[in-house]
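Multiple structures follow.
Okay, so chain A shows up in both of these, paired with chain B first and chain C after.
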Partner chain A sequence: MGMMRRLPRFDYLAPTTLQEACAMLQQHQGQAKLLAGGTDLLVNMKRRDETPQYVIGLKQVSGLDYVRDGDTLHIGPLAVLHQLELSPAVRQKWPILVEACDHFGSTQIRNLATVAGNLCSASPSADMATPLIVLGARLKLKSASGERQVAADQFFVAPFKTVMREDEILADIEVPALSERAAAVYERHSLREAMDHALVGVSVMVQLGRGTTCQDAHIALGACAPTPRRAPKAEAALRGKQLTAEVIAEAAKTASTDADPRTDPEYKRQIVEVLTRRALNRALTEVQGK
Partner chain B sequence: MTTQQTAPRIVPPKREYIQFTVNGIIYDVEVDLRRTLLEVLREQLGLTGTKKGCNDGNCGACTVLVNGKPMNSCLILAVEAHGKEITTIEGMAQDGKLHPLQEAVVNFNALQCGYCTPGILLTAKAFLEENPHPTEHDVRRAIAGNLCRCTGYQRFVNAILAVSQGKTKPDEE
Partner chain C sequence: MEYAIVGKSVPRKDGWVKVTGQAQYGGDLILPGMLHGKILRSPHAHARIVSIDASRAKRLPGVRTIITGKDFPGVKFGFLPITRDQLPFAVDKARYFGEAVAAVAASDEDTAEEALDLIQVEYEELPPVFTVQDAIRPGATLVHDDKPGNVGFTARYNYGDIARAFEECDYIKEEHLTTQRISHGFIEPHAMLASMDGDRVVLQGTKQSPYITWRHLCRAMDLPLSKVRMLNPYVGGGYSGKHDPFDVDFAATKLALVTGRPVRVELTQDEILGMERQRHSKDCWIKLGAKKDGTLHALECKTYFEGGAYVCAAPINTRAFGSGLLIPYRIPNARFEGIRIYTTRPPCGAVRGQARVIARYVLEAILTDLANDMGLDQLEIRRKNALVKDEVATEGTVMENFAFMETIDELKKMVDWPAAKAKKVPFHGIGFAGDGYASGSRARGHWASAAVVKITEDGGINLIQGATEIGQGSDTVLAQICAEALGVPYEEISVAVEDTDASVLEQGIYSSRTTVWAGNGVRVAAEDARRQLAEEAAKLLEADPKDIEFRLGNVYVRNDPKRSITFNEVVRKAYYEQGHPIYGRGSWGMDAGRADWATAKEPWSPGRGSVTMAVEVSVDPETGKVKILKLTAAHDNGQPINPALLAGQIEGGTMAHMGQGVFEECLTDEHGRPINPDFFDYKMPTALDAPHFANHPIIGDNPYGPFGAKGGGESVSSSALGAIANAVADAIGVRIMDLPITPQKILKAINGKQSQERRA
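Here is the complex of A and B:
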């Protein structure tokens, strides 16, 4: 944590269309940074951790701050977290995203920080990452030379590093609807209730077949590996099984072996187990209550 | 003959004109691109009620309302405030009359040094407009991004809850 100084010099570019922004990124590849909410980039610049020659502000591009629902949910590159909290559709159909906003920064930060920016900054503890992973979100990456889609669980490659090339923009986040017999929840542990990074975050999505048989399960772990990641062994321990207390407890234990924490491994693995069990139980109750 | 040395070229910092509304007054200001909204409010407009604390978005002392929403002005480039409506603490009283939240903060003695007060008042104003009947937990969560170094949270919570109930004074003992 370096000292906070005034911002260093940079050239500010203000494109008015996404195409223009892509062209600028391509022209200044490696020397330009996109500015959306600014809650990460400006702090990094004040610390001199990042000193881009060009800052490309996206705020002049109109129509990027959408949260649009239908069969699927679309989150625009400039949509801030507070918009998710305010959206009745998100509250009703994708409540896990609201849960993830619940302990994210402060009111002020949730009014500034974008969902897309939280993903692109790629902190291992990013609160938006694991919910979008278990929901099966698809990320549209756009550049001057075309566009591609990446699944949220394939997006993160290392701490603070994603699959995005330097000329790409995260242009849309598409979130499929949960099926009738499915629920997704987020559990999080931090030392303080507010203004604190997650020490561990666990998202689960459970889809039931007949009775309490698990048809599909997604589990994603935050802050306990170099990147947010799926817990494949724990997921396999659930699929096709009746979700009894024993099966849930066993899967939760397995999730702790899917975790790969680099700090306090024993402690974090234990928290993963507890949070996974809690999340699975809560998701099960929610589906049964539907 | 000695060769004449040339001084390094001094490139002036880039500047740009912006127009924005602060407390109902339209300002045209030429700003250095590197300046944050906080720096321009304090240093160019002289509105020093907005405080600079941590300068990285943790303390909330620099909170202003941007189009009615509380934000950390230390995390906003001044150029990006172009066209926006800003409310600072100087704009909270109307026609010489304190806002009920300001009155309550005075009556509940909800301040010691006063450094966090402008930020908390603006956060609370926007919060009550969005959530007029909050629980105590809602209030605590709303002001979680405003650090008070004199440990005055309880009185702020009491004052904000009182205003949500139409009061600006503590109940008589």
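Here is the complex of A and C:
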């Protein structure tokens, strides 16, 4: 991490349509960065961790800041976290996203930082990543040459690196509805109650069949591997099982082996186990209360 | 005594301008033709400076001048004559990562920063020394060639026959406790604007104690005091981190002298959190012995202070630590050695509460553990050993106006002790700690406070004094004192900015001294103005001046209030008819004795405060996370001048110490480069981390203080760190020996304890 300095020199480009933005990205491939909220990019530039020659500001493109709910939820590329917090539909149908926002930065930062930007920055501890993974979100990537869809759990490839090509824009986040017998929750461990990144974050989605039988389970781990990632062994340990305390405890223990923490591994694995167990218990209680 | 204004939580004098964003801080100051300065810093923790070539940088359009360490006269400055070890900038070698090497003044900040990149410095790297262990090893690299063993300062005392005293003890506890470096964490970065007024420099900006900066800066720049005028805009927090002259002050002053133009230099938080003053890390071996009944009998403590490249205010810290061990409890036999060690890290200096906070922490920790081992009640052992009013402490201090015992008894009621003990919940804990803080004890420099109360011809009041409003509320408190003494409404008082030309400069904003010292200066000046007005009013009311009363703007004859006149009329008649402008002058000083730095003896205090605190915490046994639930404080600060501001000091101070207890640490990599110098990675507590506060002032007396007040800046919170650590130890049943108490350490301790219990 470099020392904080003045912003380096760059050219600012201001497209008015998404197509124009895509064309600019294609033209300046590898030398341009998109600016949405700027809470990551501008800091990185001041620290010289990123020195793009062109900054493409999306501010002049209208209609990108939507949070649209229906059967599925659509989050636009310029929608800031605070919009999720304010949306009654999100609060009711996708409350895990509100939980994740709750922990994120400060009010001021949530009014600037975009959901899409949080994903694109691809921090291993990105708070929006694991909730969107367990909800099965699909990300629309648009470029001058076309568009494609990627599942959220396939999006991250390395710390601060995603599958996105340098000419692509994350144009839409689509979040399916949870089924009637499902709940998703986010558990997070950090030192402070605000303005802090997750030391470990765990999201789970539990879908019940008959009684307390687990029909499907998604578990995603944050800040304990090079990328936000699923916990496939732990998920497998739940599917088709009665969700007894023992099964949950066992799956939580398994989740700690799905984690691959690079710093403080012993401690982080222990926290993964604790948070996974708490998250599963809370999700189970929520489904049963529906 | 019923006061009209003292003791009331009146609105802050600076409240409106601050909340509406109108207040001007150092970084807001702009003058016509102003240049911007930037500082080039050493990229090595320890390196010889072979050469500096600024020729390319000088050619950059917009660059006005570049200065290096050699442009200063080469006069060292320091807190004591024997600790003068620092030059404004590094000259022959750089002793920490980030030490100032050169500075540039340019037409704008971008150009100044670009110029820094063009200055070519050739370094020859030297082995760094980062820890006490490395620094005291035989043959260790010396940070200063003339400081053998890397020892910067030592304080020692020995009271009684310590070996024999320990033999006389029934129980002895020994601990090795370590504490970390922390930073002050003020939101406002250092920003200084220097400009020329003829051959004089006008320097204004972010100073907590302009006087301290003024005298040291003038010394190191070989300038007479009269050639530098300092004045203070609003200051955004100090916490003892804005006293001394820093590279930013030297850079602004020198760049203005060289260019003849106003120059503003503003630091970034990277520079401040990573490279400016921090609190010493400490390595403390402590041993405490008691008789069967819990009577403390002997104390031995050796503490290393790791403090970086320059001694700075370390004599205050070794002194505050040593004396902090011996008050507020009676410990008849004691030996202390405090050794301040040089390392190649940023220099440490004064931080809120000084090293007394750490001394109180280690003493309260070992006392708590000793009481637990002996099966004694935590508050009873404190009562048993509490120094009482007028008792002479082991190191000779007379405990004047001391109400520590009363605070223990009050706290006992507040937390319903010992009934609360019976309701112990697993992983919930309560911790206690006390202090008897000497507010207003002497440090260095001149030693008096003075003020002028200038009454304008329309009855308005300008209070001219030298104490700095750094957010603590001194303007408000001093205006209250002035209004009370003068018998006018609080709203009538305007408080002027501090200015070395216009006011007698206050010694400094530290040692919880402002309310008592500056307050007394203001009181005396207001009384002088009132005496002059009484003479004028007596003529008008045909009474004896001694019988004239002033209250809230009314002037009347005692026992005959119908014979009255308004304050304004008296003033107007004095000016217009008697040719008598009213200027009240006053100063206050006492022969306070001198601090004895070598023996760590506490100097005399005109306002000994006391406090007992209880902190309640819960610990998540699975994650190790601590939640600080409640802080209860019983405290004596004499007559509070403004109760809301005093409560603010308890809450703010506690939050600062909470940071040291459970969150904060200045971290560096293996090259001495800071790795967490921003408010995201440097973990200060946020408002959401704050506990519930319950505090109760006991109004003890203080004949020395204005209206019976004692200082409250540091004294009310100096026991918080100890109480927090004790609460965590109570919750988890294990003492964490090194701060900060992180979730990782807690979880490890809990796991270790559980496996030990399984084995047993």
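Miscellaneous remarks
By definition in this document, the second predicted complex is superposed on the first by the 289 of 290 C-alpha atoms of A that agree within 3 Å, B and C clash if a C-alpha of one lies under 4 Å from a C-alpha of the other, contacts with A are read in each partner's own complex, and residues count from 1 in each chain.
Criterion: contacts are C-beta pairs under 8 Å (C-beta built on N, C-alpha and C of every residue); 3 or more make two chains touch, one makes a residue touch a chain.
Remember, predicted model here, so these are calculated numbers, not experimental data.
On the superposed chain A, the positions of chain B and chain C overlap enough to count as a clash.
In the overlay built on the shared chain, the residue A:Val274 is in contact with chain C alone; chain B does not reach it.
In the superposed model, A:Ala194 lies in contact with both chain B and chain C.
Of the two partner chains placed around the shared chain by superposition, chain B is the only one that A:Gln108 touches, whereas chain C remains out of contact.
Once the two complexes are laid over each other on the shared chain, residue contacts for A:Phe10 go to chain B alone; chain C is not touched.
Shared-chain residue A:Ala23: touches no atom of chain B or chain C. In the superposition on chain A, A:Gly57 makes contact with chain B only, not with chain C.
Of the two partner chains, chain C is the only one touched by A:Asp264; chain B is not.
Once the two complexes are laid over each other on the shared chain, residue contacts for A:Leu42 go to chain B alone; chain C is not touched.
For chain A, the partner with contacts to more residues, out of chain B and chain C, is B.
In the superposition on chain A, the residues of chain A contacting both chain B and chain C are 4, 6, 193-195. Across the complex, chain B is touched by residues 4, 6-12, 14, 35, 37-39, 42-43, 46, 55, 57, 59, 82, 105-109, 111-112, 193-195 of chain A.
By the touch criterion given at the top, residues 109-110, 113, 268-271, 622-623, 625, 662-663, 675, 678-680, 683, 685-689, 742-744, 747-748 of chain C touch chain A in their complex. Put simply, chain A touches chain C in their complex at residues 1, 3-6, 189, 191-197, 199, 264, 267, 270-271, 274-275.
On chain B, the positions that touch chain A within their shared complex are 13-14, 16, 33-36, 39, 54-58, 60, 63, 66, 69-72, 75-77, 79-80, 123, 126-127, 140-146.
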